[in-house]
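One structure, pasted below without further comment.
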């Protein structure tokens, strides 16, 4: 057979042979954590303590320290000042990231969804197609909205918000659903711009 | 909060509350295996022995015994008379199923890809976006072709086949790549027509 | 005028000058029928007898004898074990092939549709746009479903099947509608992969 | 079986049962030819003499006499002051109408293409997919351009015109190619707005 | 910084450095007005008198005098024999041109819309997204229809026309709405083919 | 004529009659500025001083004070720590917002682009179609990238970044281009979720 060997070695390179298990992001140099401003070092240390490893999004976003600060401030705001349960936030993230085909966000937030919802199969279901996921009608409506705001934001009309209200969501909760979906339309594109690699640990968390 | 409880009970229903871990397919009655023609019963018994459980595609396809026979005959032909390695076949299946957003095929063949390629992270990478998967350039070209044949078959031109030849694939191998991609454009749609549910076992095989 | 002559000679070549009236498929070598396994030779002889010529799909699929057997076994199952009239099967095929822009299937099954429905204008109408074809509301609903399963299979929901039931289709008939549509999402892609050429005879049959 | 009879009677109604072989357009009242301004009556008489029947586009466009005059003046300009052969004009029309799924234009101009190119199979090939039609590379490039201008006009760039020049088309011929494609983006939409029905005669002309 | 200066000089070139404020169209030679047939010279003189400058569409279309005559005859018919108010005609034009991303038509007809509707903000609203424009429900329905006929003409069905009737539009008005939308699917593509440049004057008219 | 009056009164309502010149956002209640946390009041006062009016994005985002803080911190980071000129930032914003059809961002940042680039026609050109805007090849490449990251982020590949490097952009500048594009994929969706209305002042600034 004329083509090169097809075996998959452990640590075999991604396209171009650059990425392996130690790669944070494939398209930009990762900053040395020791050289970062102190507040970034502290946040990274905290996250590393919490997770037991350093999720790659943290050193990646440190490429521009001012971007790092704003990005995580926004993320924190979305999970702290919200009418949504944390597992609802993660469902939205995985659905949006599935539509946008973003590997890092599907894998990292898939792990968080498994953990927060205590539902080991849910992440793969929602990432594949939220319409066939094992969720109730209320969450189906929530994800229909998040997916529409992702795929065709210019077509959002008043009726779309009213449909969510019929499912019991307040206007304030609708703001939060839309904000999480919108924020991950940012996050997905950053991860895809830089080709941020999911840490190996994420693949198995919460199973 | 006005909406119904958001907790995820074990076995909580899919949309409409119909599907749980015992559901084979959500939209058609599953035939009783004891009532099936003998050759179907035998094939199902063999598959159950091999896997340790009965993959839901088998009882689902038995809805029409003549369809069952032809479907698995085609599947068997594609993995038996081929210029491709088995892990290549499974990579194509997962990439095509990812593009088509087919839950059953992503989960079931994701398990097979992990096993045949001995690569526990590969299935999620290929299902999310083959362009950021940890594969070599040859397989990247193979999946580019399979994805194009899936998304815009009318735009396949001679140059697309020539590009695969430059990567070392023979014409015969190109037939096989295209045939696997084409067959899963059938399989995905059958699974989506019937809403065939992945067996719980598939989610964790090969990790 | 600087460009080459624009006249259309009989038998003038397709792009690249390769295809003419004798070409079976433009991108793969057609096997010599005498070298094929006996069961393939028999099937081809039967089809040639029935049609008065050898439809190109038969020698094309013989490129891989095991694929030939499975492909036609599936095709036969779809027209033999079905709740649909044969002209309904052909309507679905032509509609799906029109959406996928598959020349071979539009021309070959267009001929069959003209014959089975005894409706000489129907094939061109359904291939162009089933929404403006001279068909009744029941068949319009059937083709709406087949086209949706072709264009956006991940968006099929329970309501789509219920709409067909309102038009009098049983669940079993819905399985058959979906299976024909799914199978031609395979067939179209094989014909487009290989650039299978419609036999000249098909263009005029049934007019 | 619960659904209504599936046979196709001669003259069976289109969706809604309105259209039959005598219908000019399904969504607007056709004006009485005797009531039309004299110049329209004359043009219609001429066309009827030439074709042996009255192509439905003429009485349909007479719905607004001022539109009739301008529409056919434009059409006449496109075929009279042009660097293109008439069969090239008809090829562009059929390709554009195929992309837009316009039944009237595919059938009526398919007939003209068969006649002007003296090529009985060409219309169905170009309507299905110009990429697999039996045409030379020059015409392939011409249709690539017409199809791009139809599908994604905002993406036309200087390089697209330069590619046509490499195939021997003058700038003036490119204007004509683009103008025919643009005009049928108008014509297709008028025919689809009104659901103009192709005359029965068109289906068989030139075969 | 390694890249060339980023300042925007007055009159700085478009891509390729060809276009400036005097450019009529970037891809074809503009005919010398003195060399044109007398009727074209007269029409151009009239338009120049009316506007105070020569809108570039006039010298551009004079590239083919027969096309010029037919194009403006059609345009005149659409604004003269119509059930629509002139500001409705211009709203449709701007909405369609916005969907097609046609710079010339957005800018030139945006000016006309501001003037005829006496609404200085309306053009930018309708060009961006008619769904969030400050228009009433009747005009929203009118533009929904024009946009659908632009984006997916093959999906227009009887129900679309009936919805307009519910908003008070007669069939004759619907013909006119559809005709304006269809004509600007022609006009947009001509302007995009030739890269016709909006005159500087249009940007500020009616503000 | 059966439909309601078509005149456009000053201040006439948007769809549903809700929005007028005083509306901040059509779908959520705007918070009373006096009730906001002091840091928000201060930022709003500063912005009002600078612009001479209060851009609606500020009271809109104050719907969730924690979101307000993070959103503007990110925005500030993008314009303060960057390898891009401010007019380049605004060009990216207008191009992305044009693709996403976001009225607020097109109008508000269109004004900023006119001002920072000192180019009164540029905003409408870039919003309509960056491919026909009067920009140099370097900026054309920059906007090609921003638009691709917006429309099909999963298709970004190494070659896309390399093309920007060929135009003189450093990796660091590419990060900034991508980050601005990504952030406005968030901002556009927030504005579309809430239907934030552009202040009247923005329409004319910088002309």
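Of note:
As written, the chain order gives the labels A, B, C, D, E and F, with residue 1 at the start of each chain.
Simple rule for what comes next: contacts are C-beta pairs under 8 Å (C-beta built on N, C-alpha and C of every residue); 3 or more make two chains touch, one makes a residue touch a chain.
Quantities reported herein were computed from a predicted structural model and do not represent experimental measurements.
Listed here as common contacts of subunit B and subunit F: A, D. At the interface between subunit A and subunit F, two copies of one sequence, more than half of the residue numbers in use appear on both sides, so the contact is built from largely the same positions.
Farthest from subunit A, judged by the mean position of CA atoms in each chain, is D. Remark: subunit B and subunit E have CA centroids separated by 49 Å (rounded to whole angstrom). Between subunit A and subunit E the centroid-to-centroid distance comes to 42 Å (mean Cα coordinates, whole Å). Averaging Cα coordinates per chain places subunit E and subunit F 25 Å apart.
Residue positions of subunit A touching 2 or more other chains: 15-16, 101-102, 129, 131, 154, 192. By the document's touch criterion, interfaces exist between A-B, A-C, A-E, A-F, B-C, B-D, B-F, C-D, C-E, D-E, D-F, E-F.
Taken in their complex, subunit C has these residues touching subunit B: 15-16, 27-29, 63-67, 69-71, 73-78, 80-81, 100-102, 149-150, 153-154, 156, 158, 161, 171, 174-176, 178-179, 181-183, 185-190, 192-194. Within the complex formed with subunit D, the subunit C residues making contact are 1-4, 6, 8, 12-17, 19-20, 83, 85, 87-88, 98, 101-103, 106-107, 110, 117-122, 124-125, 127-129, 131-140, 167-170, 173, 192, 195, 198, 200, 203-204, 207. Within the complex, the subunit D residues that touch subunit F are 154-155, 157. By the touch criterion stated above, subunit D contacts subunit B in their complex at residues 129, 131.
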